[in-house]
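Following: one structure in structure tokens, then a few remarks.
Here the chain labels run A, B, C, D, E, F, G and H in written order, and each chain numbers its own residues starting at 1.
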Amino acid sequence: MKDDYKCKVDTIDKQIIELLVKDGRMSYADIGKELDLSRVSVRSRVNQLMECGVIEKFSCVVNSEKMGKGVSAFFEVDCEPRALVDVAENLANNPYVASCYQMTGPSTLHMHVLVEDFIELESFVNNELYALEGITRVESHILLRRFKSRSGLKL
Amino acid sequence: MKDDYKCKVDTIDKQIIELLVKDGRMSYADIGKELDLSRVSVRSRVNQLMECGVIEKFSCVVNSEKMGKGVSAFFEVDCEPRALVDVAENLANNPYVASCYQMTGPSTLHMHVLVEDFIELESFVNNELYALEGITRVESHILLRRFKSRSGLKL
Amino acid sequence: MKDDYKCKVDTIDKQIIELLVKDGRMSYADIGKELDLSRVSVRSRVNQLMECGVIEKFSCVVNSEKMGKGVSAFFEVDCEPRALVDVAENLANNPYVASCYQMTGPSTLHMHVLVEDFIELESFVNNELYALEGITRVESHILLRRFKSRSGLKL
Amino acid sequence: MKDDYKCKVDTIDKQIIELLVKDGRMSYADIGKELDLSRVSVRSRVNQLMECGVIEKFSCVVNSEKMGKGVSAFFEVDCEPRALVDVAENLANNPYVASCYQMTGPSTLHMHVLVEDFIELESFVNNELYALEGITRVESHILLRRFKSRSGLKL
Amino acid sequence: MKDDYKCKVDTIDKQIIELLVKDGRMSYADIGKELDLSRVSVRSRVNQLMECGVIEKFSCVVNSEKMGKGVSAFFEVDCEPRALVDVAENLANNPYVASCYQMTGPSTLHMHVLVEDFIELESFVNNELYALEGITRVESHILLRRFKSRSGLKL
Amino acid sequence: MKDDYKCKVDTIDKQIIELLVKDGRMSYADIGKELDLSRVSVRSRVNQLMECGVIEKFSCVVNSEKMGKGVSAFFEVDCEPRALVDVAENLANNPYVASCYQMTGPSTLHMHVLVEDFIELESFVNNELYALEGITRVESHILLRRFKSRSGLKL
Amino acid sequence: MKDDYKCKVDTIDKQIIELLVKDGRMSYADIGKELDLSRVSVRSRVNQLMECGVIEKFSCVVNSEKMGKGVSAFFEVDCEPRALVDVAENLANNPYVASCYQMTGPSTLHMHVLVEDFIELESFVNNELYALEGITRVESHILLRRFKSRSGLKL
Amino acid sequence: MKDDYKCKVDTIDKQIIELLVKDGRMSYADIGKELDLSRVSVRSRVNQLMECGVIEKFSCVVNSEKMGKGVSAFFEVDCEPRALVDVAENLANNPYVASCYQMTGPSTLHMHVLVEDFIELESFVNNELYALEGITRVESHILLRRFKSRSGLKL
């Protein structure tokens, strides 16, 4: 894309991003005060960072347990190799699936799933996951403890 | 905690959250217009959702590759069981580590790491990860393709 | 179900259960004496515990070896994911199968089997288990030594 | 032991055992009626079956979930071979551990654990299991669904 | 079989067997001298041991390398469970196959193969083994060093 | 060794070996008749085959189950690499161990063990095998069924 | 082949080969000077070493990264055993594939792939590798660091 | 390094490299004729390609089997993570080791070894490899068949 030159991220951009990762609703005026910039200059930089895709969007981080998603599960999904992309796109459309990646290592899909409880998990596994054509083996694990969970950076 | 009764999330709360996940900087006035609520009522609900921890924070989603983090790696870190919590807390303080979880399944730590390139990855592995006491085996995989990566919900 | 409120288990219920786990034929009068309750009160509590399913049934613990079941085997049964529930229900009807569970981890069924000897085991494996459609791989292990085997609590 | 000849289990013994497995509190009079035996003869046979260990005890089957044990977990515990028996005996004394076996296959202990919830599970894993000397690796899985769970026969 | 009572092996039988395992051509007269038995008595005992199958046959132990079988390989052969017995009987007829067992553990066949060299091994693998229907995966290992290889006892 | 030229095995040698593998006590006269050779010539060839090690010894094949060795077990023994040869030599001296090999593949020892029953197996595992220094993990499997077991050729 | 006797490699041949492995363009005159041979004699020996295949060819070692092949990947390709040779020959014709071997161990193909970057790698995996019939599972790993990479000897 | 701009490889460079990969001793005059360049220009380009490291060196490809290296083995070497770099550097100095890499995936070293025969292999494994401190487990596989082995490109 022709505007890629705009994507150079300088030190001031990085400082703005850092503040917005910490508080995504911080006003441009307050950012400006902290960094000794005008409100207009902050807005112009933020707009540019969004245009070239450095900032993908503003969002809020929601606690999945308090939203009733008490069980956080990781899946390794083995597919017939020829079916992998289809299975992955199918799973990406499933509302229980929070993320779905293809990695090096074994030819599995790595998937994160959020469900309310074990009953919903069992139903997801047996009725939605195992029902898909092209899946040959599944390995699932449940989150026991979070030591770090950085928000703001797209994995 | 005594204020847990405030954490009941009703349908209107869910609609507000949905809008804020899509655009974390949407003004309370605009949210009010969309949902037929006053600006004051939106603000009061958002404040309550933050107080009881349903909304953990507002943030912005940054594209790690455009920020120069071109390699996204997943690690399974085997520890001597007695050292696991110490190793996990140590890794949680490492700036390359984006997330670190303890799961059911094998007694490993599941860790996401973002680095600039393979040189930085090799240096992270040999100088920072393998240097930690109590680590017995490591398995690493590199992200090949994202099929879904939902932001806004803490995994 | 509407009667779930009856399922609150208080301290006295727990003491009754403890006595009945130890000796399932202990008379209600003897339980009453031990806990300073009337025989009628004990019976009423036991009936309630059975009605709401806390006590599933009274039974006797039989020594499988002395009943001629000399070999206790554990199986991990890999199925084609779409066939797993059918295979599980089929195995649950097999008289050699003592228990059959679906677990997180690999998409296998976990199964306990009691047979008389190795000849019966080989016959079960080759004629009954391997003959089922939808099974892709089986792993079997034989009990060497029991360190603990708590009866009374449904696993 | 010299009284092993008493352990011959004949067809009538088997019928009595079957009735007692189904209802451990069935009266000897009712068993007698069903099998066309005198009450005295039933009692004498039951006493003999208990003396020679065919019937290990009478008990009641308690629903672990309704007793507040909502999470049923299976562990494979790898030990330094020389520490295996010590670790096993140590775990057998832990109140969370329902059963603990040594199997053929990998030199691990197979263990069933019943806990209230994930917080208790995480605490058991990190504070009680991983703290034991001689444990090198652990694999844990959570029960998703019971297809069969035969009570009455000691596994 | 009705003659099983003849199979009791007493101490003198065991001493005879021990001598014959060491030297299968030792004359009955020499055995008699060593054990203080008549030649006739030795012959009668050996005949009985052969009749009831304790001694399966007399044989000679041949050095496979000096017979031109320079490569000794072990295979783990994964089969579709329903095909396992057919595959095993098929392999048992293959002249390169020295032994073929079904074990507990994974549902594989354990097989020993003796070939002249790597060219013959590659040809056996690609043309004879992989060509069989019902085989899904194979694992092969080559003998590096013999620490013990007891002849005389059927494994 | 200087006498290696004597180890050329010609067609007649092979025919003699074949007869002796089938019946290790066949008289040289009978062999001679079958192959149209003199008794002296057969004896001279057999002596030469023994001198250069083609025939290692004459023996008898004993049925291990009828000798009271009812359980045939295979072990994969993981050692600290530096301890492997010591562990192997130690195990080779153990009377329960029928064979012990070092293979390519994982750095384990492959071992065959013959024991009377599960009690002897459990005792061998916990008291003799796990007690050895330098062993880190063991995997054991029990023989279910023999499809082929060629005697006469040293594996 | 009848000319195999020419393949005896003597000490002088080995010295010549050593010099040519270090510098494949070293002139025969210079080699001669170093080894005290005539230029003609060097040429005649080199020609003979090429004729009988000891020297397969002269080549130059190109740095794959500087040629734009930034990612070096190793693959373990699981095939249906009957399809293995076809898959291997198919992959051998793929320009991204640098080498492809069949090994003992699991029945996989071992393959080295050189690609420009992760985009090309993902495309190779999903469009070329996974699209092949007969492949059941793939495992991939990326080169992190070279400790030794001897050129000149065909692996 | 400041001269990196010289490393741009144009189409003519690529054609020269291709010819030299096929025949590393092709004269610059012949290359020039084929590509319509002067001998001087070819030499100047080759020199530049060597200066900036695109061409690492000229060499000859030697057939390892005809040089008496009949067994080609791959090793996966598990190390204590803290010892991995030391072990790798140690192995890189071992004359039997043809290459040694650190990969993503398990924290093992990937190593290629060339030896004369199985006796040399067993000696390498037990005396040189297993004797190194910091090695915890080794997996070895032997080359059965080469489907492709591209020379000229450093893997």
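Assume contacts are C-beta pairs under 8 Å (C-beta built on N, C-alpha and C of every residue); 3 or more make two chains touch, one makes a residue touch a chain.
Treat the numbers as computed from the prediction; the structure is a model and nothing was measured.
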Hop across touching chains from chain A and tell me the fewest hops that reach chain F. 2
With chain centres defined as C-alpha means, what is the inter-centre distance between chain E and chain H in Å? 45
Return the distance between the CA-based centres of chain B and chain H, expressed in whole Å. 42
Nearest whole angstrom, what separates the Cα centre of chain C from the Cα centre of chain H? 59
Would you mind listing the residues of chain E that make contact with two or more other chains? 102, 104-105, 122, 125-126, 136, 139, 141-142, 144-145
Can you identify all of the chain pairs that touch? A-B, A-C, A-D, A-G, A-H, B-C, B-D, B-G, B-H, C-D, C-E, C-F, D-E, D-F, E-F, E-G, E-H, F-G, F-H, G-H
Enumerate the contact residues on chain G facing chain B in the complex. 118, 121-122, 125-126, 142, 144-145
Can you tell me which positions in chain F touch chain G when the two form their complex? 104-105
Footprint of chain D on chain F - complex, ascending: 73, 122, 125-126, 129-133, 135-142
In the complex of these two chains, what residues of chain D are touching chain C? 7, 9, 17, 20-25, 52-64, 66-69, 72, 74, 88-89, 91-92, 97-105, 109-110, 112, 114, 139, 141-155
For the chain E and chain C complex, residues of the former touching the latter: 78, 80-82, 84-85, 102, 104-107, 136
